[in-house]
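What follows is a group of structures, each given as structure tokens.
Consider the two complexes below, in which chain A is the common component and chain B and chain C are the respective partners.
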Partner chain A sequence: MNSPLAWPVTFKNNIIYVLDETELPLEEKYIEVKTLDEALRVLGQMKTRAFGQVLLFFYTCAISNKIDEIAQEFLKTRPTFDFFLLSRILKEVFEKTNDIKSAVDILLDNFEKKRRNRVKKLASILPDYSKILTICNVSGELVYLYEALRDIGKKVAFYVSETRPYLQGSRLTFWELNRNNIPVKLICDNQSAIIMEKKLVNCIITGSDRSTIKGDIINKIGTYPLAVLANYYNIPFYSLVQYPSDIDVNEIVIEERPKEEIFMFINSSHIYAHLDAIYMSFDITPSELITGRIDMEGNLR
Partner chain B sequence: MNLYDINPMSLIWGYPKDSFYKYTKGESFFVSEMRPSFAGLSICQHLNKANTAIYITDNMLGILFYKNKIKDILFFYKNKKDNLYTGICGSLYINVLAKTHNIEIKFYEGLKNEFEEYRKISTDFPFINYYIESCDESFSGGN
Partner chain C sequence: MNSPLAWPVTFKNNIIYVLDETELPLEEKYIEVKTLDEALRVLGQMKTRAFGQVLLFFYTCAISNKIDEIAQEFLKTRPTFDFFLLSRILKEVFEKTNDIKSAVDILLDNFEKKRRNRVKKLASILPDYSKILTICNVSGELVYLYEALRDIGKKVAFYVSETRPYLQGSRLTFWELNRNNIPVKLICDNQSAIIMEKKLVNCIITGSDRSTIKGDIINKIGTYPLAVLANYYNIPFYSLVQYPSDIDVNEIVIEERPKEEIFMFINSSHIYAHLDAIYMSFDITPSELITGRIDMEGNLR
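So, the complex of A and B:
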């Protein structure tokens, strides 16, 4: 079992190869990135996101031989994600190696192992027949989760919320689960309430782009209503988080993207270009709605 | 347009009757996309002639509630029987979110056969599936 989304950005001979997630599932195409400007372009155009943007950041630091300057530029392009946190993590290793490329290698060496380990931890607390609702895409970790559940004899079925407007749920998560023959059904974002009411799901699992030590998360738009509904229907809500930071969640900038992107996956989208629209990329889920968070070290809180 | 600059507004859910557009000229609304039918696109085209309409996708409703941007819900139901309203796909989603955020839901009779009515004004997007969802009067608590 595998998913190209588990490691969507690679680095070889000083060239970064970025899986173009906007072309999936129709085409598995990689974009070559050799400069900071090219990296910022693929980042801004949503060619990669989530774990992909973490990898892109580290590799761009490696080709540019800079760290803080890269974090500053990445932050201008995607203001919600904490690139300065990644910068601090990288600099800690760099102080020991004195070489950015070596520091990146060391840092990423254990990442896949850590991600597999934390889903094993999650699998251990999920029901014997886990009916999981998710949103957006957790960069391949749901495939790992399926394997972890299967290995301990638990049954699993996924429901994926389509995640408008970029449809990452439909185009990425549904695709990566389906191609591995993992049981999965696709729903419209607004159908999550009815499937919870009908008890078709018994847990919610999401990723998170940001998290705080207090336990709040910021994740793809549509995560917060899932948590509210899960709370209402008494269904546990778990989030796979990266590196929690000591910050008030309401101080984090929520990225607003161009309104045209709302209509881009609709046929004849130009017809609707005159409509007023807003596109908030992320929402905030307060800690009191979250049953558990599992960080990169496998700690469940 | 920035979310923080927008004052609280009513949100339209479901298919209003034609008379709604006559009596609400000049008013401002959020219009949700209402997947899978994309009802919101048709409604925006109607409203934009004389109203301010801001289009959002359904999964953006959460942050609008969270940021207190939704004044009330104008819920256009398909059928009412006793205390039970039936509406389009996602009706339960909007009703539970409104209830949990203590936002008033105003129930109005909407179009019975919205597909036929709306085909007259918008024909270029596909109707994929259609679901009817029910919710009872307990959702109308609000403020």
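So, the complex of A and C:
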């Protein structure tokens, strides 16, 4: 069982192939990227995100090796993600190998194994019948989680919050679970509270674009209220996190995206172009609302 | 200043004219209704809702006077709304007048005045610069509220939550405020928490389809989490309520609507017809989370 979202960006013969996540679930097509400018364009248009950003960053370094410059430009385009951290990790390996492509290879080699391992850890602490609410998309890891739960004889049902305005929950998570015949129901974001109240779910699992040493997570807008509600209804809230940044939470810049995306619900969204909206696309969930964080090494804390 | 949504259903020469709210904001058109069956159809399709349902119920009684039967059929179509309560109110007046059309006239005569009066009461307790977050649509009363606040020299800004899946916030409230040049910004529902955290709003105001003696309100799905969040961030939460029902909160049936409405975000929503979703379209906000309720008589409690 797998999901195209588990490895949405690949690299072959100096060309980066980026799964266009904005076209899912209607079409599964790939964009060819050969330069930093092209990489920044697909990044800004959110053609790829989450784990795809990590892969795109490493592969972009592989084609030009100007690691610092690339990190700077990537960060300008998607300020919420910690590309400096990725550049530090890459430079450490690069210093030893002196070949950028080998450095990227070494770094990515164990990634799938690490991701599968950490969801096994998570599966071991989840309920025997895990009714999981999730938001946005955790880049294929929920498919791994389903397998890990099934392998130890636990039942699973997923509830996916649609995740307005870009609908990554509906378009990506719902799609990747459904195509693997995993039990899944879609809800609109407004129903998160009522399904917790009615005990239709017994745990919340999210990803995280970034996390702090203290354990706060920065993730798609809507994650913070999920954690407040989970605490109110006494439901555990787990997060699959990136390597933690040593940045102070107050220094983190929350990306504001073009307000037009808020108005995209109607075909003729151009008639709204002059109207006003707010679109802070990420939020910060304080550590005290999070039951557990599982990092890339499988540590739970 | 007014909103077509403040009186969305009218009655003339035995024909009921129903503003088709599902076509807003692109088109302002009216559906002619002459029979109970036609009334039930526009009700089931949510062509009208909230205060429009009240008007549609009374006018449907005016054309056939079978009050009990009409209440029963209306309730089957929209179980969350208390049509029995409306039928009791109407029958009281009907017994005195013996003419159903006069009874409806008498009942509705003071409605606009009452609604304007109660928002004056609400305006008097809101902050000098009222930054108001709202959800769904309060049938034109927020336009009255804006006037009431302005008349006593208070500044106002509205934030409207889009209210998935039917988007009544975006399509109705945002539209009616904007067309009156009232300052308003649209947010997707997922941003409610962050704008409270960042103090962009200092009060929440919602309507209510129904309320209990104890003070719980039943309103569009998404209202309950707003109240939980408002309490978490210590922001007052007010609700403009209907006449209270004497029903116990556990007896209230929450309407579940066709799951197709959840999938309507993509044009080709038919490809999802076989897939699974949940759509509980209302939720119940417990009284202890509500700062104040303003009823039709202007009482605040």
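Definition applied: the second predicted complex is superposed on the first by the 299 of 301 C-alpha atoms of A that agree within 3 Å, B and C clash if a C-alpha of one lies under 4 Å from a C-alpha of the other, contacts with A are read in each partner's own complex, and residues count from 1 in each chain.
Note that a contact is a pair of C-beta atoms (placed from the backbone, for glycine too) under 8 Å apart; a residue touches a chain by one contact, two chains touch by 3 or more.
This one's a predicted model, so the numbers in the text were calculated from it and none came from an experiment.
After alignment on the shared chain A, the placement of chain B and chain C results in a clash.
When the two complexes are overlaid on their common chain A, residue A:N190 makes contact with chain B and with chain C alike. Once chain A of one complex is fitted onto chain A of the other, the partner contacts of A:E256 are limited to chain B, with no touch recorded for chain C. Once the two complexes are laid over each other on the shared chain, residue contacts for A:N178 go to chain C alone; chain B is not touched. Contacts of A:L26 after superposition on the shared chain: chain C is touched, whereas chain B is not. When the two structures are aligned on the shared chain, A:A277 is found in touch with chain B and with chain C. Common to the chain B-facing and chain C-facing surfaces of chain A are residues 162-165, 188-194, 197, 221-222, 224-225, 228-229, 232, 254, 262, 266-268, 275-280, 283. Put simply, chain C touches chain A in their complex at residues 26, 159, 162-165, 167, 170-171, 174, 178, 184-195, 197, 200, 220-222, 224-225, 228-229, 232, 254, 262-263, 265-268, 275-280, 283.
On chain B, the positions that touch chain A within their shared complex are 1-3, 6, 32-36, 38, 41, 44-45, 48, 52-63, 65-66, 89-90, 92-97, 100-101, 124-126, 131, 133.
Remark: chain A residues 135, 161-165, 188-194, 197, 221-225, 228-229, 231-232, 254, 256, 259, 262, 266-268, 271-272, 274-280, 283-284 touch chain B in the complex.
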